[in-house]
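Before anything else, here is the set of structures, which you'll find just below.
Okay, so subunit A shows up in both of these, paired with subunit B first and subunit C after.
On to the complex of A and B.
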């Protein structure tokens, strides 16, 4: 039983790192500009397909393509913000919710029309490594390492660069930041772009070990909501920790009950956190 | 009084005319004019969604049959009617709700004369309701679940071996290769077809004295089999069976391989017989799968004669050659499933000598014939009308050929085997 729990926990934690990256993107946008990006899942799916076409059609290595996919995600986010969110950023929350929902529907519609909803696979493998009772595929280890690296780079960006400090300033008090000469609209666009960049990175990493469809992002978007609440809005470290907690739970729960109960437990935890500690485990720091 | 010759000559002439007339053959009845009739075959295909791969092959087979019959001039009935076929189809998106809408349209707006089922038991169950409601004969293929034929339908006829017999042969194969094995795990897709298959296999295995150490279903959309694989390792089965359809089955096989799980006997539904399964490389090696048919299967007019059965249609070799020529790929059992649905319809029309639906149904009830796909015979009892009772499964395993490439071999039943079973799984 111990071997089983250790193996399950290891699998869950590795996956949790990737969940954390996905949630970071949602958390950053939510924390900085108080916008719930409902197109988060479909943007993750775009990241998956980016790797798929680069690997299958052009023979590019997935981890090298990750950089291109991240860049494309950043630009896409800036475009979405400029086209759909900027004009309603100061409107009631429902407007931004509807705006990002519309973007989601557009992306899914285009994706379905061009790519259908047939499942795809990136047939990329690096073999496995056995550590005692645990056998871990290298692609999952690599994804976890990539997620840690991305989280570290994001932290450095937010706390060690001028642009990052501007983002934190706008998140703290937009009006005051404007008075200090910070162009808040550009900062918000950059924040949105960073958020979507993280979503595409997470999607790209997931594509290396799970099959996916145009609609695959939805399930990860739901998890991202739970993680944001767990970890604290706008707190990248909180999102990573929340991802690890959720991934760990997804690994451990099947040891004690049928796997179908996993979403039930996840969302009970979600509601419990909203009631007991709505600010999350680590309060917003952005 | 007239001269004698004036009477005699005309009398003789009249007699001659009468004599000649009497010797003429009766006038032939006026030639029957050929009446061309086009029968509309209605069906849906999963052009998108998770059933895309298998459904496409099924429809390829059906279309191949239709082209062959039409190119050969159609079916000629005794009254001179010449029947040809046309297909009317829609994309069901692998979605049950769409199936119901589309089959209703086929039955009512498109006036399809006969229906062929979509691929998969779940979608077929939805379509069967419509076929029965509108009184349309439907031949199901790609649909093995027994449950559909226990609903009291009279219009629905199954081409596939039922789900209840899908994996029981795998249990027999396991007993044959290693009688010492006692522990089996079942991990399966939580849908109608897969659940029917593994439930029947579990009952059969337990009746033979096996211990079922794990029996757990996964959601159809599952992509992470890690939790199940960890449970499998924790329960240490000696044999692993289950799966569901192509996508989840191949993902399961890949992740089992990545985790290095060492169950010596590994049998999955649906996915292994598909040629695309070989794309998994090492993960496919040694995996066993039940198949409704394989290109290696040798059903011929001679084997029909030996079995005391009527033979109908092409041989398997001819079908394979025609399919490869038409689609540039090797046929799977889904391909011949679509093809034989058409063959069954063709035979029923010939036997009925009519296109009347009631006559076709009666002919289907009486059908007992050997084809390139195998034997076809339907249960006619009220409890299970339309259930396929003539056809049996074969079991394939992916093995390396002399060149080191993956190739399917038939490993069970022994009388049809082309290679010994590779055991334990590498």
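On to the complex of A and C.
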């Protein structure tokens, strides 16, 4: 029993890092511009299919493709921001929620028309490693490491570069940032792009060990909401911690009750968390 | 009562009655009934959502939870306990009202996007819970025994009864929507929408007003849910708590014009007709979702007030007629 818990917990925690990256994208966009990106899930699915086609059709190495997918995600985000979000950035929340939702509909509509909703998987393994009772597939370890690396790079970018500092300034107070000469529209577009980039990276990493469909992003998007609220909306570091908590829960709960109860626990926790501490376990800061 | 004389009320009611009566006179009655059922259901869902979304300014993304839970409660009573359909409908309304009241007390304290997220969480939690709840059939749901229809004079008769009930309910929703809008209570809700803190200073008891708006907007979807699943003959978690349907209701409200009585009617009818057209047209049927998405985006970006709002702004004399 204990062995099972330890193994399952380790599995869940590794997955938690990847969840954390997905949620970090959502959290970054929320923190900078108060927009909940409802197209997050379908953008994650694009990341999955990026790896799928690069691996199956061109035989490219998934981790190499990750860089390309991330770049495409960044550009796509900037495009989405300029086309759909910028005009309503100061409108009530309903407008931005529906604007990003319409992007989601567009992406999913194109996706299902071109690719159908049949399940796919990337047939890629690196063997596994055994540590006592735990056997971990290398793809999971690599995904967790990649997630940590991405999180570290994002941190460096936000705190050490000029663009990153502009993003934090705009998040803090857009009007004041504009008065200081920061081109806020460009910074907002960049932040949105970074958010979608993180979504595609998370999707790409997930595709190396789970099967997926065009619609697979939806479930991960809901998880990202839960994680963001656990870690505090708008707090990228909190998102990583929230991801670990959720991954851990997904690892532990099956040891005590049926797996189908996992979402019940997750969403009750989510609503309770919103009610009790909407700012998250850590206090929200950007 | 002066509000009975307002043309806006009669226009909305007349439109609803016209759609309801269409199948009676149509040549292919069964087909027309199915189409009208879908439109009326969408109208009722959109109109009741509008009370919370349009008047009060609270974006409920998971409003379909009441449709699903109400449907489940009513379906359970009808199929397992063989109770008559009106008992199921009333029980669904009562349980939705109770749930909305308790839930509203808790989550209506959240504002803006936090509230929207919480409603998504509630819907997903409900779906996941029902999937594991064995009395309601767990993941496979429940199916109505065919013999149940015998109490209503055969399946065909039962479908017409369900249809008539939906038509009556939709009329009731439209009437309620109008009465709320023109009442003192509605004025309080709109004050909350414009500025909640200022409204409280002016003497609107915001927490209780919001909760009642939430209860009213939850009761009707629950009743519609019972009739819809009674008509379908089966219910399962995947059909009852479709987040996407919830968002479609928001789209209909936005399309027609949020905060107006007529808007959700027009929005629902237009959206359903468009969807029907796209689904059967050879050119668009595969890419139906994308076309709807583009249309939605254009409306959000360029006509945020919706059709009725735009007409009211453009042609001031129409304001007396379009409410």
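In this text, the second predicted complex is superposed on the first by the 286 of 286 C-alpha atoms of A that agree within 3 Å, B and C clash if a C-alpha of one lies under 4 Å from a C-alpha of the other, contacts with A are read in each partner's own complex, and residues count from 1 in each chain.
The rule is short, and it goes like this: a residue touches a chain if its C-beta (ideal position, glycine included) is under 8 Å from a C-beta of that chain, and two chains touch if they have at least 3 such contacts.
Note that this is a predicted model, so its numbers are computed, not measured.
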item	value
Room on subunit A for both subunit B and subunit C (clash or fit)	fit
Touching partner for A:68 - first (subunit B), second (subunit C), both, neither	neither
Partner chain in contact with A:258 - subunit B first, subunit C second, else both or neither	both
First (subunit B), second (subunit C), both or neither touched by A:94	second
Touched partner set for A:275, first subunit B, second subunit C, both or neither	second
Subunit B, subunit C and vertex subunit A (Cα centres) - angle in steps of 10°	70
Contact breadth on subunit A, by residue count: subunit C or subunit B	C
Partner chain in contact with A:212 - subunit B first, subunit C second, else both or neither	first
Partner chain in contact with A:117 - subunit B first, subunit C second, else both or neither	first
Subunit B versus subunit C as contact partner of A:250, first or second or both or neither	first
Touched partner set for A:222, first subunit B, second subunit C, both or neither	second
Subunit C versus subunit B - closest C-alpha approach in the superposed model, Å	7
Shared subunit A contacts, counted only where both subunit B and subunit C touch the same residue	112, 258, 260
Subunit A residues touching subunit C - in the complex, by the definition given at the top	30, 34, 36, 84, 87-88, 91-95, 97-99, 101-106, 108-110, 112-113, 222, 225-226, 229, 233, 258, 260-261, 263-264, 266-268, 270-271, 274-275, 278
Contact set on subunit B toward subunit A in their complex	47-50, 52, 93-94, 190, 216-219, 221, 223-224, 226-228, 230-231, 233-234, 247, 250-251, 255, 258-260, 279
Partner subunit B, residues of subunit A touching it in the complex	1, 3-4, 7-8, 11-12, 15, 112, 116-119, 121, 123, 125, 128, 130, 135, 137, 210-212, 216, 219, 250-251, 253-255, 258-260, 262
Subunit A-touching residues of subunit C, taken from the complex the two chains share	53, 57, 59, 61, 106-107, 109-110, 112-114, 116-118, 120-122, 124-125, 127-129, 131-132, 139, 247, 250-251, 254, 286-294, 296-297, 300-301, 304
